[in-house]
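Each of the next two complexes has chain A plus one more chain, namely chain B in the first and chain C in the second.
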Partner chain A sequence: MFRQSLLKTLTVLAILAAAIAYTFTTGYFGKELVIEAATLAILAISLDMIAGYGGMISLCHGAIFGVGAYTYAGLTVLFEVNPFLAFAAAIVVSAAFAFAVGAVTARTHGIFFIMATLAFGQMAYVLVFENKALGGDDGLAGVPRLDVSPLGLDFNNSVQFALFAVAAAALSYAAAAWVLRSGFGRTLVGIRVNEARMKAVGLTVWRTKAIAFAISGALAGLGGAIAAQQTMFVSPELMAWMVSGTVLMVVIFGGIGTLVGPIVGAVVWVFLKHEISSATPYWHIVAGTVLIITIVAGGRGLYGQIEYMVERRRLKRLAAAGVPSTATGREDETHA
Partner chain B sequence: MSDWSYWAVQTLNGLQLSMLLFLLSVGLTVIFGLLHFVNLAHGALYALGAYIGISAATATGSYWAGFAAAPVVVALTGILLYLGLMKRMRRAGPMNQVLVTLGLIFVFVDIFRLVWGDIAIGTVEPALFTGRSELFGVVYPTYRLFIIGLGALVMAVLALVLSRTQLGAMIRAGVDNDQMAACLGVNVEKIFFLVFCVGCALAGLAGAVAAPVFSAHPDMGTEILISTLIVVVVGGMGSLRGAIAGSFLVGFAQTFGTVLLPHVASLLIYALLALVLVFRPTGLFPARA
Partner chain C sequence: MLEARSLNRAFGSLVVTKDVSFALDKGERRVVLGPNGAGKTTLFNILAGELKPSSGAVLMGGRDITALAVAARARLGLARSYQKNNLFGELTVRENLALAVATARGAAGWIMRDTLSDAGIAEDVRDAALAVGLTEMLDVPVDAVSYGVRRQLEVGIALSTRPSVLLMDEPTSGVGPGMIQAFHQLMHTLPRELTVLIIEHDMDLAFDVADRITVLNYGEVVFEGTPDETRGSPMVREIYLGEWDAHA
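== the complex of A and B ==
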């Protein structure tokens, strides 16, 4: 179950403050890294919602992210639609695509679910790759950024655009936390913990799963639409299955099922990748080793491990004070 | 080239791809079925087989040295991975297994780049099977016929071992119900280990055999991995029949899709996978009903 603990609030605020301070002090390239970390964080939050809390390990989140990016890019470049409209459309179309995937795959579990999501993600990838109107494997260039001149702002200014991306990431966290705290969020966790029981108490499981997928897809699409504006270019590479694999790695690295962990994971990932890539071309060997160590060490991840230790101390303190364990909101949760 | 021989060549192409996919997927599917282990690094083992095959062939000047060395080296690598990593991930659930082996893919790809470089490297076909063969007016590369023959041979041997020997009966019992098999005195752990080694060796063999046709490059394992996983899931995990059916379905769908519907060819196998998963969530011929 999701609980907006003090530790979560403090960590999010600290990262937010650091991101804003860094944006104002760093050079052009640093701002690009901030934007990259912000979009990756949005995508990772979106995946953690359904993977960490809903127990659905999706390997099509890269594709949903790409659907968002392509919807924004296609509408603005090919049809010259107002960027704000295209931005909204990107979120809606991604959510609809995710809803369809979630509805169709709701019956499958475990490795079959992972494979089914992979199949749908790859289908989207192939369709885009083979579509000449969308530029095929060359992609689409000349994607405009949102025109915010009526507000006296300019998103071609990299400070303003970086702050916009950071704000979007913060809002995504707030939205995801709000959903997970609601009755719907508890229902979703209920499905992960015991799907058969949720069915027995009368829940239409597939609908809950599909709606959760749609909400997660809307966030992923938001991230995609921002990523398309950052590089002003989209290519099918955004949707390749290894992107989904990478996002999953980021979520695990930060701490799955913590919602804050994915943000920590995304920030550390982007900056670590930048540092290591500038020293050696073999970044993947580091990333792979770090992932393997994270899993073998218990799979809690960077932030997850800290939260686990803090939470354990809190429970001990409560137990010492004589509060029954059922009142502490803890349940036996496993991320199988 | 006549119309008839064109389609005959395409059929042979389909057969050749199917056999390659079979060599890869049979190990993966039995590891899935017996160990309940999701090994995404299987594709990396295939790539390792290709590289070892090429290096051994270059060092000795004989294709057959690579053909013999690849399965052995890959099986030994598999044993190291199993003892060091996978054994402790046995009960960790599919997600952790997917992630650990995903991490292994990353590590392997960079090791390939470190040792063999970024550029694709090729090798020559064995002298025995170079050139082209002609049969009923159909001209086809001899080496590819060799791949088809080798695949058929492995298929036949595995089918015989699984259905006619005591070892095969023990493997089937382990797939069906490992705890019950253990109660009846089968050393399930030992069988698991043996099956894992054979699966890795076959992946290495597939790599060595594929090297002269598709040259070896760091991403070759990741590229074939998806097709292999589709074979395994479409066929149903843990069964030889499933691996055979899945290999032929995917191999022919890919080959004829490219010829008949070039734009949606790669879509075809994903659509096949999605259809099977939606209507038969455990595959066509699952080992356990």
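== the complex of A and C ==
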């Protein structure tokens, strides 16, 4: 079960502080990296919620992210809808799309579930790729950023936009943590651990799964709508299954089922990729090697491994102090 | 309260449930006896909704529930415990019970509140833990407890939903005499209005708790009667003693 441990809070706050400090001191390109890391973190949090806690390994989160990006871009560019309205619509449409995916795939498990989500993602990709109104494979250019001039702000200023992206990532974490700590979040973990028994005690499992997908989809769509504003351009590549695969790698690399791990994973991933890509064209070989090492080393991930060790020490201390229970923090030991 | 009407079920050409009918009154304690392979667990799976019968009907409180799925039957007050432990492995005993309590109370979808810190749910969890003797174990992870404790929790989860009909599939299978004794006591502390159907191999327990006994053999009901009638029945004696002879 999810527990907002001290380690989780401190790690999130440390990353938040570092991101803000870095945004103010780095050049233009550094800010672009901050925004990229923030949107990837939002998407990774969204995936970890249902994959790490709900046990649903989705391979369509890139597509949901893309639905958010395209909803925002399409409404603002083609229909000149108010960007704030388009932003809200992007979140709602992504959630609705994700709900449909969750509802339809709810009865499938394991490899079949993964394939079903992949199929959904590919359908969305092809739909956008072939749709001339949405720009086809050329995509849509001229996507505006949110107009925050009434607040005396300007999102075309890269510092302000980077801070906005970082704030959105922090809020996404808080929202996901809130949901996972609620009755609904407990139920979601119950389904991952023993779906049949949840049914036997009276739960309508498909509905919980579909709602979890919708909440996760809302976050993914939020990330997509921010990504569309960053580049002011959307293309079908946003929805390609490679994106879904990358997010899953980021989640595992950081620590699946820890919620903080995906943020750590996204930050390290984006900066590592930038550093290595500037030195060699073989970034993917390095990424693959890093992922294999992570999995062979126990699969807990970068943050997950640290949390595991900290938690084990804490439990030993409690046991030594004569506290027979592990009630206060089971969650961090395994991945739930 | 719970009724089976001419239930049939075959796996291929193997008929495992053959024209099974019986009816339980409200508050009745019924024990199902029968040698291995008599179709007891299959019958339970049909009653709980995990298997569809080839023909026949299951009624609860006079209502035909044959078409209802497992979860829908559970929401009507039908709970079951399993012969093989079916728990929430990596979670604590408290979390196991709380999941069942929260679901039964319609709190499984709470977004704004936590079911683990809710006073009402905590009270039901404590009641269920007390009933099955797990009060001291609440904060221990299920992965770390003994087999006996898991058997207690298996029944505890079923009781947590405050059911009106409880199906228990060999609740004491594989546990020692001490725990069988404790289970006798549990049976006598259950609310009198709770209707209970138990599959049981332990004869002492069966005769102790049962109002009536149904004997299955080769998927068919071959006998139904009070514990005394059962004890006196040559047919039951033959089915059971015959089997014992064969194993001896």
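Observations on the model:
Following the convention adopted for this analysis, the second predicted complex is superposed on the first by the 327 of 336 C-alpha atoms of A that agree within 3 Å, B and C clash if a C-alpha of one lies under 4 Å from a C-alpha of the other, contacts with A are read in each partner's own complex, and residues count from 1 in each chain.
Going forward, a residue touches a chain if its C-beta (ideal position, glycine included) is under 8 Å from a C-beta of that chain, and two chains touch if they have at least 3 such contacts.
Because the structure is predicted, anything quoted here is derived from the model rather than measured.
Looking at the shared chain after the overlay, A:Ser182 reaches chain C, while chain B stays out of its contact range. In the superposed model, A:Ile114 lies in contact with chain B only, and not with chain C. By the touch criterion stated above, A:Met123 is placed in contact with chain B alone, chain C being left untouched. Put simply, more of the residues of chain A are touched by B, taking chain B and chain C as the two choices. Touch criterion met: A:Leu203 reaches chain C, while chain B stays clear of it.
Of the two partner chains, neither chain B nor chain C is touched by A:Ala38.
When both complexes are overlaid on chain A, the residue A:Trp241 reaches chain B alone and has no touch with chain C.
Touching of chain A by both chain B and chain C, each in its own complex, is seen for residues 336. Chain C meets chain A in the complex at residues 48, 69-72, 74-75, 79-80, 86-92, 94-95, 98-100, 102-104, 107-116, 118, 138-141, 144, 157, 160-161. Residues 32, 38, 85, 88-89, 92-96, 98-100, 102-111, 113-114, 222, 226, 229-230, 233, 263-264, 266-267, 270-271, 273-274, 277-278, 281-282 of chain B touch chain A in their complex.
Within the complex, the chain A residues that touch chain C are 1, 179, 181-184, 186-187, 189-190, 193-194, 196-205, 208, 211, 324-327, 330, 334, 336.
Considering their complex, residues 57, 104-105, 107-108, 110-112, 114-116, 118-120, 122-123, 126-127, 129-130, 241-242, 245, 248-249, 252, 281-285, 287-292, 295-296, 299, 335-336 of chain A touch chain B.
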